[in-house]
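In order of appearance the chains are A, B, C and D, and numbering begins at 1 in each one.
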Amino acid sequence: MSAVGEGDWALLIVEGRERRKSYVFRVRSKASYTTFAGSLRGSQLVGIPWGSRVELGKGVAYVLKPNLYDLMMHVLPRRSQVIYPKDAGYIASAAGLLPGMRVLEAGAGSGFLTIWLAAHVCPGGAVYTYEVRSDMRELAASNVRAAGLEGCVTIKEGDIRKGAEERELDAAFLDMPDPWEALGPIRPSLKPSAPVVVFTPTVNQVIKLLDALKSIGGYAVQEVSELIKREWEARPEALRPAVRMIGHTGFITVLRALA
Amino acid sequence: MSAVGEGDWALLIVEGRERRKSYVFRVRSKASYTTFAGSLRGSQLVGIPWGSRVELGKGVAYVLKPNLYDLMMHVLPRRSQVIYPKDAGYIASAAGLLPGMRVLEAGAGSGFLTIWLAAHVCPGGAVYTYEVRSDMRELAASNVRAAGLEGCVTIKEGDIRKGAEERELDAAFLDMPDPWEALGPIRPSLKPSAPVVVFTPTVNQVIKLLDALKSIGGYAVQEVSELIKREWEARPEALRPAVRMIGHTGFITVLRALA
Amino acid sequence: MSAVGEGDWALLIVEGRERRKSYVFRVRSKASYTTFAGSLRGSQLVGIPWGSRVELGKGVAYVLKPNLYDLMMHVLPRRSQVIYPKDAGYIASAAGLLPGMRVLEAGAGSGFLTIWLAAHVCPGGAVYTYEVRSDMRELAASNVRAAGLEGCVTIKEGDIRKGAEERELDAAFLDMPDPWEALGPIRPSLKPSAPVVVFTPTVNQVIKLLDALKSIGGYAVQEVSELIKREWEARPEALRPAVRMIGHTGFITVLRALA
Amino acid sequence: MSAVGEGDWALLIVEGRERRKSYVFRVRSKASYTTFAGSLRGSQLVGIPWGSRVELGKGVAYVLKPNLYDLMMHVLPRRSQVIYPKDAGYIASAAGLLPGMRVLEAGAGSGFLTIWLAAHVCPGGAVYTYEVRSDMRELAASNVRAAGLEGCVTIKEGDIRKGAEERELDAAFLDMPDPWEALGPIRPSLKPSAPVVVFTPTVNQVIKLLDALKSIGGYAVQEVSELIKREWEARPEALRPAVRMIGHTGFITVLRALA
């Protein structure tokens, strides 16, 4: 569809004199939308081509069709701390994910990492994601469907700390408070050499994980790292890093399953 | 195959008392391999199961089957500055890539970003990558084949600054010294709203790009950012960021094509 | 004085269950003070020893005598972007400041950098700081007096782009939008080898400065850098970098005067 | 002295086509010096004015009188991990140091932090620094003399974990592996509200320190932070952060003594 339709998701990039800000919302012809540079009515949007420019009182708005990134950053519902694209992109590439691979995830949470993993292994591959809470399973399922990736994702009820039913998996991804409880139980589900990527917010968890591995056995440590995303103010006459930034999301530990 | 074979690529994670280092090489029974913690002979490796542990003089080695990440970080040949996984992963996720999408890249370079893009859109999608130098086209083709992704990648001879033949593309990726020369010409190849992600090492290029966009038109700026990867020394009794790190690779500018 | 007196400045470090926050204010027995963990009355503070602990509804407050750092971070008035301690400390040490040195500054601004410079060269040394705006000169003078350093500081009316009257200075510090306009004029005021430290918020200014130096002459470039301060959440059971941080203040360029 | 003399320390900033590097050495007329851009003889240096320019085979050298920063970064001898100017500058400013203050340090180490502390409190103030090792005491004393600050520094034999003899100190600085052992014993030496700044390389030490404080008592936690210095390649036509950087030195914890 080349024109904005009633009920479509829209991404608005609004440019003022010294600022730029993105908004994502559903277009309703009877609604009105407020931005830092002025308001606009839904009726101004319905029917215009995607990629149009709309004048605002104190700036300009570009009306764009949002992609998966925009939806995840702005509107997909979340009921837990989610893994952001900067981390998800690296986690998937650090695991060497390829189409057709079969991977394990726990827990599903709001399904954000699930979506990025599925985007890599789909079609032909599979993400098996375990989640104990039924409300989170429903939310994750709904978000995965919004991304159109439900064909490659199986959301399973169950506590990964009791292991997974699958075998010969190519990789595993743990985003849970106590990953050390899961590492032993999931070991039989993994191919030797399979990467296991663990995401944890605190250094205490990294220490406990590395310490626990000595007694758990069955894994080699490949890397501990963190990714820091620094946004810049995109003004060609006064280019500089943004004053405020997100200083931390979590630590990424990459393990490899042994024989 | 569950055992290390003659000629296989192997990833060795070597752990000493205070260090850990990875090595990737082809296993040859008659060769010998030197690590910081001691040497081992190829004949010790051939025939043992993947994921085995081998004692070294001053440490231990884990013998693992390398994945795409390991091959790209250690052995895929490169004849140019490549885009590393931390950036490639974010670039792909910032563009909202999904299986089946059709995207443009220029230039192919050593094919590293090509591989990550293909890993997302494959199968069903396509990466069309333009490269003026024939030696780079051959190198990129060889690396894409090594990753098993040649079915989704078309490496084309041609100067992207004269535009691309394809139409209705979902995204474009520019890793070239003068991306502002390509933005006008490729505009007709892109769907309205399509993300265009530009990777440039210097702030001068970012300034020139943002400045040029005012006269080129046809695009909205969504974001300028950089990703900083900080590795940590993975010692549970003395956890700390590594003393030496890579401080910079490049700046990522995300644009969106207008109507 | 070992007890809190009416009208004294106080620093309150308030600890709640998961947060910690500092407040600086003048103690007034008739006032009341609100913190995130509950309120307290001024009458609870007057007369208690410095370093006392006061229970709040949802936490605890420590009542401390603020030092120069606390006053500068919280209450010294500012009418311009100021240079923060992380930058000021490095700027002074990068210039090798020692007691007794005589240095130049422009502009005085709110006097924050002036104070740190004076703290190094005092007593016996001198800071000559030029400022065109009379309101800023008054503010800087007032802040320097609050720090007790007025004996070493001379705040001068004048445009540094026309040069300085002093001679044989040990260092110079430029915090102004167009430092390239001042470099030529101040050159005769500096000892050969003297460091000149320039602080600028944007990369455009750094580029323009480095470019201008080629035609201005008279200086060698020693270093361009930036300092990033990352605060951590100080919880021993869940230690992690703070989620929100200041991502940027400015770039520090160190030059050396030639013969 | 305005001319380079035999035996003087010299700072050479050497500029090549794409690089810049600093060297510090003693000038000897019979010696010769090798830089990345070519060699020069000591006889070329003796007698020329400070701030002179010397042509090299593949670049140019600026001959400068080194300041305290240059000497500390390049030539002052060290027999331990030292505290660099970026951290030392912030540590001193975070403690609100002013001329005339009396402060405690442990251990002296190579005397680098001692020097920065003395540069603040001198003259009129005092740094009392405790060190158990006699070889380190001698080294620290020698470095403090090289900086000309010996009048304000007392280097004391003794184990700070048994406390300090001084009373009514304005601040304390701990750069030692087990700072939690010293906090109780030094408490009687500090004025209420005095800042205590602790520098530790690992997160394990930060956790142990914060944990220990609960039972030690007598202190409030003001801040935990780290300073990251990012150097830039100072080329106006291709400005960018340096590819390689120091990723970590240590964590800075600021405490305040209670009543």
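Quick notes
Please note the rule applied: a contact is a pair of C-beta atoms (placed from the backbone, for glycine too) under 8 Å apart; a residue touches a chain by one contact, two chains touch by 3 or more.
Because the structure is predicted, anything quoted here is derived from the model rather than measured.
Looking at the partners of chain A and chain C together, the chains they share are B, D.
With centres defined by CA atoms alone, the chain at the far end from chain A is D.
In the contact between chain A and chain B, the residue numbers used by both copies make up over half of all numbers at that interface. With centres set at the average Cα position, the gap from chain A to chain B is 20 Å. The mean-CA centres of chain B and chain C are about 43 angstrom from one another, to the nearest whole unit.
In chain B, the positions touching at least two other chains are 203-204, 207, 230-231, 239. By the touch criterion stated above, chain A contacts chain C in their complex at residues 201-204, 230-231, 237-249.
Against chain A, in their complex, chain D makes its touches with residues 203-204, 207. The part of chain A that touches chain B in the complex is made up of residues 2, 11, 13, 15, 20, 22, 49-53, 62, 64-71, 85-86, 88-99, 116, 119-120, 122-124, 147-149, 192-193, 195, 203, 206-208, 210-211, 214, 220-236, 239, 251, 253, 256-259.
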